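Following this message is one structure expressed as structure tokens.
The first chain written gets the first letter, and so on, giving A, B, C and D; residue counts start at 1 in each chain.
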Amino acid sequence: MNPLTGYLLVAALLFAIGLAGALTRRNAILVLIGIELMLNAANLNLIAFWRYGPHPEALTGMMFAIFSIAVAAAEAAVGLGLVISIHRHAHTTDIDQMNRMKG
Amino acid sequence: MIEKADQIFVLLGHWLVSFLPLWLQAPALVLLGVVCIIVTFPALFAITVLLERKGLGRMQNRYGPNRVGPYGIFQPVADGIKSLTKEDIVPFSADAVVHFLAPVFLVVVVFMGYAVLPIGRNMTLVNMDAGILFFFAIGASTELSVFMAGWSSRNKYSLLGAMRAVAQMISYEVPLLMSSLVVVMMTGSLSPNRIVDAQNQYTFGLPHWYIFTPWGFAGFILFAVAGMAETNRSPFDLPEGESELVAGYFTEYSGFKFALFFLGEYVGMMGISGLGATLFLGGYSAPLQVLGFVPSWLWFIAKIMFAMCAFIWVRGTLPRLRQDQLMNFAWKFVLPLTLLNLFDAALWRFMGPGLLRWVVCSALLLLAYTAMARIGMRRERFGPRSYRYAE
Amino acid sequence: MSPIFYILAALSVAGALAAVLLKNTVHCALALTAAFAGLALLFLELDAQFAGFVQILVYIGAVAILVVFAILLTRDSETPKDTVYGHNPIIGLVAAAGIFAVLAWAVLQSAAALPHAAASPAAVPAVTVMDIGNALMGRYVLPLEIVALLLTAALIGAVIVAMHEKEGAR
Amino acid sequence: MQETISIAPQLAASAIARNLWLIPAVPIVASGVIAFLKQPKRKTASALAIGSLAFSLLLALIAFVHVLGGWANGQAVRETANFTWFQSGASHVDLGWVLDPLSAVMLVMVTFVGLLIFIYSTGYMAHDENYTRFFCFLSLFAGAMLGVVIANSLLLLFMCWELVGLTSYLLIGFWYFKPSAAAAAKKAFLTTRVGDVFFLLGIVWLFGQTGTLLFYNSGTGSMEQAALTGLLAQPAAWGFTAASAIGLLIFAGAAGKSGQFPLHVWLPDAMEGPTPVSALIHAATMVAAGVYLIARVYPLMQAGALTGGTTTALTVVTWVGAFTALFAACIAVAQNDIKRILAYSTVSQLGYMMAGLGMGGVAVGMFHLITHAFFKALLFMGAGSVIHGCHEEQDIRHMGGLKSDMPVTFLTYAVGMLALCGFPLVFSGFWSKDGILEAAQHFSVSKVPFYMLVFGALLTAFYMTRQVSYVFFGMNRGAKNAHESPKSMTTPLAILAFFAIALGAIGTPAWPWFRGFLESRAVSFAWGGFNEPGLLALMLTSTVVVFLGLGLGWGLYGGKSPAPEAPDVLESAMPLPWAWLRDRLYVDEFYAVTVIAFYSWWARVADWLDRRVWGGIVSLVAFVFGLWATLNRFLDANVVDGTFDKGCEELYTGGGLLARIQSGRVQTYLRLLALAVVVLTILLFWSGRV
């Protein structure tokens, strides 16, 4: 089994764990944590493909990962900002109670 | 001879390692380097502590510790023994795991920082291409340990102190990075060795240290200020503000963990000053060409000790800043100046040799400094005191 | 498959699992940082040095702290009273398992087609920061500018969103 | 003996010709004014009526003198004044009036007799409270009659003809509160209307053929040679030429108005009206209108006749005239109402005129018309004063011995009776009837009409003596205090009596002035006129016939005045035919059985048709539409709305389902997303693989 599949499997596992966290946890912040994990899994995938891909010198994989990290950081910041403001208004971070957008 | 003196440790290392099988030599060498660092820098820590207490005493017109050994020389030993033997109390409600992990994580992280610093000529533990980046990455994770400490002790004061510390460290990390960025931009590389080599030339005996350039000098000042804030020292030592928060985030620590925190703090200080030396003061290069004979690592340690004295000196003189002043100072004064400094360096870079660029760059910086100070830092009128009761 | 890979993989997976399953949110956050560290080391393992350090600097340095801050500010630090999991979590788990099964199956199916590892280890030149800088300034200057814009916007947005309303709750 | 009238070129219309329209206009305007007068304004009403008619008489005399003048210096006067009534596209309809000997004579006769009757009716109607309304109708009638006379266009003639019909209806039904009067008026109006329908058909046909309705229009008139030749060339149905067919149609109209055989039934019933009305309408004017119409249209009727020969139209006229004369005379014998006897005698005399026209030409017919107008008006007014005197008693069996009570009436009535019977030499009736008989003698088609007319003359003398003896001789069987009528009634009687005698002079064979005048030929007095072959013999026979009638009458009824209830002498002699005659030969009943029955049947059929068939169709259509509407509603409600509502419901429930998914819980969304990805990728791979 060549290393790439290994990395891909680990990335998939991480992604699944992150997804499970996002889908099951009640606390908004933990959902964000889940999302961060999923993003990281994606970055791992990127770099794995870059490393074992046909054109490592093209740096695309790594570049992509770096940009993705930057964006993920921004996303995390905004997400947590939102959670905090929701908390200030609704005094809760429990996702189930944040259903003001109910149809 | 001079060469030998300079490279004494390198040769010693190689010699020791040569006994080992070939494939093992490389790791062994690294291991050896780690041991050396772990030994020397705590020793320096002990000296600095003593120096600090004696210096502060002198500054406050009193003798420092002079009971233990002649002129209190063995005071650090006494402290060490005291912290080792003291009972390590862990509050009941504290989160044991995190409580224990915090100091350990701090010390580990801080020491990892040294892997990158070029202590002497080809005496950098890991000659990494993105050394500076590694150092800052590691530096960034110290905040986490501070937070772990503060939170795990389940103590309102420690939590408050941790929050303040983390906030302060985060807000000063950016200026720290930006000021060091100037040097990286000018030398064109992130690796400390390249930076030191870039500063290692001498004209008429004077070294090409970056500190002797307008942007370099400004960068150094800003780096120093950010460094102090980063290590919660001197005017920025709000987290341990004895008067209000007892001991800040390590209130609940006692015994050896407390010592570890103390160690972590001072080693962090030395790391920051080492980096400062590498970036602005030419790392292990001699101040004067003439003094070239002195081994490189000596110069490095001398610069670190000089920085330590500066820390102690600043601690003794400047009063503590209030939290909002601290924040304002960071975001509204230091950060803009560093950005301007970047611009200034660029200007310097493209104006070619000659006096003109000296005048322009320094004028620009001075002007910016006075303008910012005049406008930004004007003392606000004290509004009526407003009380906000906890919800 | 080098042993180091296994160790690091185990570390990051364990960290991730802990981050998801632990009861105390702060512990989750810390577990998360462990997972981030594991991933950073994996990156280094994949010779993506710059990416690894950026990962450490950004995630462990900033995001973890941010998460912890958020936890503290929203007073979630106490262990929650009732179940940690949301509304019937099984579906979530099932969905996640489904996704993992599909991904794994896809990866295993296409294992043969992937470029063989043997050929490439030597080919990877030491990627120096210089190359990355050139790439950033050359080929990826547009994404760089966009990310810069994005970050500023996120910065301002986050501040505004979380800013404490002066004239009371609007 | 008939010569075609030479049509002299019209001179430029003289002044009197141009304002000829004033003659009918003045009485009509007078009637309009009277119509607005209030009922008590009796004096002004009668003054207006009489004044307007006097003015018309004056104008008529001027016109007569003008024509006489023209005739005197040798050229036939025919002046027309035409104008275009309205123009529609290419065709235009012209109206106009004409002044020629025929119309001049009629004008004078109508205005003069009308004036006398107006004066007479002031006395007669004195007690009636609707006096003003009576005079309004009278002057309207006079105006309409004068309009008919002067009309140069068949259309204008027809319009005045209808106006005359209307006024006759109004006058007959004057005492509308009497049901019999109202019924009689309606009957008169309807029967004349039947005739008018044919008349209108004739007009339209004529207009269709000749393109104009003007009689004389400087060469292009319908009665002038150009149009006539066109009409002759046109073949009509059943072998008639267009000319004769149109002539017959017009004759049908005339028959209706003049009470000829099939359409005479309304005339005896018209006696319901006041006596001056009967006198005016049924003696002098209205009935004369029919004869005047035939005279006016004579060139058309006569077109195509070989010299001395006759056309089919004229033969038809002759036969109808002769038969009506005989028929009416027989019925008159068995009547007991004084006015009804006179009515039948009028019908029979009209038959004589038609026969005269048919056989002898315009002059013969017209001369008898003029003389008859005078003595018949005299007889009717005499009867009126008798009725007035006997306090509205009309049945002759309740009268008798009035000779001494009403001497003037008796004398004038006797003169009238003798003129009517045709007492030889002295009275005008003799000469005019003699002319007709002479024409009948020479009638080429057959001798029968001659014998019918002679027998008619016998019967006329007989029933007139019967009537006179019943009324004036014998004992007085009715009310005792019969009184003589006032001056205003007796003077017109005297005047008319004088004319009944005097008029004979202008028509004698010795001095045929009237024929000359009409045909604008020079006339000179010559006894030679009498030695025409067979003329003297004819005069002898007619005198014998008259004396025979008188003798028989006096023999059976003279001075006997039987009791009112007693059966008539003739009735006891021949009861069955007497009963037939008394019941007017069941003509009315016959009509009732046939025409009216047919009409009522036809009405019922039409009603049934309308109600069942049309109604049925309409209700069917309604039903179909109703069905369609309900179907529509059903479709609309169930299909369209149904589907729409069902669709909405589905959407709603679907929406509900989907809404439940939007539970606001972020994680549900994520889970769905994940599941979708899983499913999608499986599908992708599965499809990819396959």
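Rule of thumb we're sticking to: a contact is a pair of C-beta atoms (placed from the backbone, for glycine too) under 8 Å apart; a residue touches a chain by one contact, two chains touch by 3 or more.
Just so we're clear, the structure is a prediction, and the values are computed from it rather than from any experiment.
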| item | value |
| --- | --- |
| Pair sharing more residue contacts (C-beta pairs) when A-D is set against B-C | B-C |
| Identifier of the chain whose CA centre is least distant from the whole-structure CA centre | A |
| Gap in Å, rounded to a whole number, between the CA centres of chain B and chain A | 33 |
| Computed distance of Cα centres, chain D from chain A, in Å | 119 |
| Geometric centre distance via CA averages, chain C-chain B, whole Å | 29 |
| Geometric centre distance via CA averages, chain D-chain C, whole Å | 124 |
| Numbers and ranges of chain A residues touching at least 2 other chains | 19, 22-24, 95-96 |
| Touching two or more other chains - residue numbers and ranges from chain C | 50, 54, 62, 69, 86-87, 91-92, 95-96, 99 |
| Numbers and ranges of chain B residues touching at least 2 other chains | none |
| In contact (per the touch rule at the top): chain pairs | A-C, A-D, B-C, C-D |
| Residue ranges of chain C touching chain D (in the complex, touch as defined) | 86-87, 91-92, 95-96, 98-99, 101-102, 105-106, 109 |
| Complex contacts: residues of chain D adjacent to chain C | 665, 667-668, 670-671, 674-675, 677-678, 681-682, 685 |
| Chain C residues touching chain A - in the complex, by the definition given at the top | 1-2, 5, 9, 12-13, 16-17, 19-20, 25, 28-29, 32, 35-36, 39, 42-43, 46-48, 50-51, 54-55, 58-59, 62-63, 66-67, 69-71, 73-76, 80, 83-87, 89, 91-93, 95-97, 99-100, 103-104, 107-108, 111, 114-118, 120, 123-125, 127, 131-132, 135-136, 139-140, 143, 147, 150-151, 153-155, 157-159, 161-162, 164, 169 |
| Contact set on chain A toward chain C in their complex | 1-10, 12-30, 32-34, 36-37, 40, 43-44, 47-48, 50-54, 56-57, 59, 61-63, 65-67, 69-78, 80-85, 87-89, 93, 95-96 |
| Chain D partner contacts - residues on chain A that touch it in the complex | 19, 22-24, 31, 95-96, 98-103 |
